[in-house]
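A single structure is presented below for examination.
Letters A, B, C and D mark the chains in the order given here, with residues in each chain numbered from 1 onward.
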Amino acid sequence: MIRTGIVGATGYTALELILILLRHPDARITRLTSRSPESQSIADVHPCLRNRLDLDITSYDPDDFSENVDCAFCCLPHAASSAVVRELAGRGVRVIDFSADYRLNSLEDFTSVYQAEHADPNRLGKVPYGLPELFRPQIEAADVIANPGCFPTSAILPLAPLVREGLIRTSDIVIDSKTGVSGAGRTPKPAFHFPECNESVAAYGVGTHRHGPEIAQIIERWSGKPVECLFVPHLIPMTRGILSTIYVHPAENQTSDGIARFLADFYRNSPFVRCTDQLPQTANVSGTNFCDLAVRQVGNRVAIISVIDNLVKGASGAAVQNMNVAFGLPETVALR
Amino acid sequence: MIRTGIVGATGYTALELILILLRHPDARITRLTSRSPESQSIADVHPCLRNRLDLDITSYDPDDFSENVDCAFCCLPHAASSAVVRELAGRGVRVIDFSADYRLNSLEDFTSVYQAEHADPNRLGKVPYGLPELFRPQIEAADVIANPGCFPTSAILPLAPLVREGLIRTSDIVIDSKTGVSGAGRTPKPAFHFPECNESVAAYGVGTHRHGPEIAQIIERWSGKPVECLFVPHLIPMTRGILSTIYVHPAENQTSDGIARFLADFYRNSPFVRCTDQLPQTANVSGTNFCDLAVRQVGNRVAIISVIDNLVKGASGAAVQNMNVAFGLPETVALR
Amino acid sequence: MIRTGIVGATGYTALELILILLRHPDARITRLTSRSPESQSIADVHPCLRNRLDLDITSYDPDDFSENVDCAFCCLPHAASSAVVRELAGRGVRVIDFSADYRLNSLEDFTSVYQAEHADPNRLGKVPYGLPELFRPQIEAADVIANPGCFPTSAILPLAPLVREGLIRTSDIVIDSKTGVSGAGRTPKPAFHFPECNESVAAYGVGTHRHGPEIAQIIERWSGKPVECLFVPHLIPMTRGILSTIYVHPAENQTSDGIARFLADFYRNSPFVRCTDQLPQTANVSGTNFCDLAVRQVGNRVAIISVIDNLVKGASGAAVQNMNVAFGLPETVALR
Amino acid sequence: MIRTGIVGATGYTALELILILLRHPDARITRLTSRSPESQSIADVHPCLRNRLDLDITSYDPDDFSENVDCAFCCLPHAASSAVVRELAGRGVRVIDFSADYRLNSLEDFTSVYQAEHADPNRLGKVPYGLPELFRPQIEAADVIANPGCFPTSAILPLAPLVREGLIRTSDIVIDSKTGVSGAGRTPKPAFHFPECNESVAAYGVGTHRHGPEIAQIIERWSGKPVECLFVPHLIPMTRGILSTIYVHPAENQTSDGIARFLADFYRNSPFVRCTDQLPQTANVSGTNFCDLAVRQVGNRVAIISVIDNLVKGASGAAVQNMNVAFGLPETVALR
């Protein structure tokens, strides 16, 4: 039985994580923490958990936490996470970090993209990126795992194998992503006030979103080839789900059919990637850890449509998948 | 007082048209028709019109219609429209056609894209495309006007001037559009059943949507330069609105700033095109005839964000704008 | 030309009011104020107004405001409003107040329900309630008008005439209301964060909502008969609209048919109340100043279904209707 | 291992049932049928099931079905169900019937409410109503179980114990229910077309909905006391969830506090009924088999707020709960 704990248990990804862990036969939740000084019942924060999890959210105490937790899920904001991760990893707890603190290659990259201090710079570049479909051996051996960003998951899964295999050009890749509002977190802000985002669609972070560099670096890290991607996210009026429409130039003599066949073959043993003939929609993966992919010819370009649930495969499902891999369990436990 | 009539008055675009015409000081509605053999009150079909328009929907009779109508709005499906348009135009009624029957250059194009017969092939290529921002002189003189498609409006307005001016490359233009469900019309179908499209986003018609050729032909017709566009529409869970994200390669030495300035200058006298610094969202144009445009640099590409209300500037507002131009009224009457 | 000004111009009701006033042939907007010390363009606050209203929001200055405004719309929060209303009324400006400060009968009632100070207690009980359908003579002569609450409008319009006429019992009236989220205002709060209220419905303020006493007092004020109402509001995932389901006991020998006929007859000359046979839905009145009513027998009870747009007939449309009445214009100007 | 089969596997309740059964350690799905003559993969009908259930939907054959199924879930429309239920029960298959065919007391009641033939009239009145919270002993022994209606579940759970205990008056109970659109099934119809029900709320079946008699009969069957209920359902723009606001008169000397305490005590051993102090919202029970209840004083009345997920506790979760009870398993298997 893996003893798990969540640092930062009040947000949407933490809730989704708890719901998955409650179904996990080989894990139990022993600690939940938040930055609030006063302890409160988890059911007061997430009323849907009433009668399902009888545990208080307490202040984070590294001694207590590391004594009672084998696998820590760190759901803290970017830049706040690395200090806790370093501390827990130093005490022998395996850590799956939801923040972006360990996703990029170097301190320089982190500083440039996030413009913040980093409490654990020596680990940067050594922490595996938590996509078991691509980095399984590294994840199996890791003490710290960088859980992927939601948009990057939807883009890297189809792109990385195509880049390494040379089936597409590595430049001029356009990634147009559409996300539900839960991706913005649980803190009320004007842009996410119901009457502001209902019945409306908007682009945001055009040319500046931090997931752009993450996508490019991870594809390059895995494939060995630098890529040039344009990434533009859009906010649409739904709670969960991401659909990314990815426009690529096929390499010479390549077609959408060949690309589709290659992806289906590449992922034939990956239980959470489904290559489909039908165009996918986010409802088909809602509440699941699947990534559905379809490929279409559009003129002389190829479009790849990729959908995930941003809270599951884009966050908490991937985290449990990573825990399963890191602790030697079947990858799909609690996720199918 | 312009006497107006609507052929095919039961759909969403007809309702939006009626609501605009009811505010028009120089127009009144004299005839509403549908293919149903039995006449019924317009308020039974569109309950929101109760006490606002006391008129029955009747069968279409060309004699009666042409005697009582100066300006006909033809809201029939593609391929069904041209027979009526020819008939009414032949009797001296000016016709604004909502279908795609007169938008493309030639019968060959129409047949290839719509795979249907055309009842008025001689007019093809001579009917102005109803974007007064680009084709005002032709619209002023026309007996038949091809009201633009909703997606094309959102794409042509920013692209055509940039292509003609040579500020962007004419190839490899990616148009990624997101539309509300009202664009699919009023007939219930599985894909538009509330539980199917709520909380979901999907791409559709990838590489095959009929608005792709329309966009390319109209840009070429106006600019004199052939363009190569990729167009992919997406269905998102809202009723009205279109946002198009358009990825272009700037011409050498061009930047997003220069492109933004050029567009702002080009449209400075167009009352319905607003070039904004802020990123637009569809809610900002909902219920209005505006098209909002913003430009951003994304790596070495430029992204243009364009939003319209698909039922207003994408259909019925444009139609009234066309009527205003064709009948010598100020372009903005009933639309501001 | 009526010179109008809005005190508190940043919220949803102020925006809706501006959109209506822009269509008003006999009114123009001369002043917009907010509590922010820095002036800013109205289009920066409400981007949909770009190119439609070229006016800055400024600090409220009573001298400047009263010199330039004939009709003030006061869109301030409850308890904050009465000081401004008194000031402006004292300088001869006619004021339509959106707050609840002048709706109740007495200072005692106000203090008990709103638990706040009141800056203008002497006016309480003398200010007409702004439902022209019931209080037209008083509104015509008033210097200050208490614009009605949204829920009360949907309930008072059907109930008041039935109570006065004795067609229903005055006790045990149940008013179950469902509202869109714009009724909660524009300030982001957890309950109105998109992922919290999307795909969910909740009751709130059960037995304690401040509109309960308002409904009862106004019905009594107009009918002369005290009533006992239960009022429970619910928040549903849409932006605008209120539907109230009102359960009443018919008086002896009364039936739903008789009640329906009476209401239709009572409101036959009221341009904004539509008594319908079909069950109404809020979409039918969205964006309009209508209140649609239908009556049904349910066992030995009668249910009345009432729908309005909370931002129009429930707020800003009613305000312009009141202005029209107070300034001797036809009631429907700018509202049909 | 219980072999389960679903008759009528293409709808929303069947999909929800499949998803629950896939998590059930003691059940497997062996047969899926539909009325379509051609067999097709379940993943073609419900794309979310791809790679999760490899089974074809076939024509219903009573011999094959009864040989391979221990527990049948019959998801056929009302009136179509009883012929199949009789056939399967006659062959020794235990049947959980989703239709209303066996919910009412007598053939006369069924004919009066559903105005249809019944193929198995002798069983009427002998089949237990599938609310294990109230009818557990009967369910344990039953060959056929009438799975409850969604609205009735939300109303009967709070009302039946209060009626039997005499804590509320048995007359003049008002049940005002709000439901998501999935309750209307999967067949596209105008009222459930996205642009028609999005951004709108409507009452329907006012005074005539078939769940009214079901609520009253089951309360009476369990409590031994006849009740008089008014039931009015409303359609709101969300996919899943029901909230019922129930207005009752407390018996003499009873208050909301006493009623709340009684309900909490009554359901203290029912794992799926949660009595809460906080007002519930449907999101708190979405995707779960819980019914959350809260009680409030409103004037001299008491309001009870009850929420369920219409597809889970209102349909497929209840069905699996019934199977668990009927087959001697813990009630909560696959449901927590």
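Points worth noting:
Simple rule for what comes next: a contact is a pair of C-beta atoms (placed from the backbone, for glycine too) under 8 Å apart; a residue touches a chain by one contact, two chains touch by 3 or more.
Quantities reported herein were computed from a predicted structural model and do not represent experimental measurements.
Chain copies subunit A and subunit B are related through a rotation whose angle, from the C-alpha fit, is 180° to the nearest 5. Between the chain pairs B-D and B-C, more C-beta pairs are in contact across B-D.
For this pair, subunit A with subunit B, the centres built from the Cα atoms lie 40 Å apart. If you average the Cα atoms of subunit B and of subunit C, the two centres end up 37 Å apart. If you average the CA atoms of subunit B and of subunit D, the two centres end up 46 Å from each other. For subunit B, the set of residues that touch two or more other chains comprises 180, 198-199, 237-240, 280, 283, 286. Those residues of subunit A whose C-beta lies close enough to touch subunit B in the complex are 172, 174, 176, 178, 180, 196, 198-204, 206-207, 228-232, 234, 236-241, 243, 245, 247, 279-283, 286, 296-301, 303, 305. On the side of subunit D, the complex with subunit A involves touching residues 22-23, 47-48, 50-52, 199, 271, 274, 276, 278, 280, 283-288, 290, 292, 336.
The touching residues of subunit A, counted against subunit C in their complex, run 12, 180-182, 186-190, 192-195, 197-199, 237-240.
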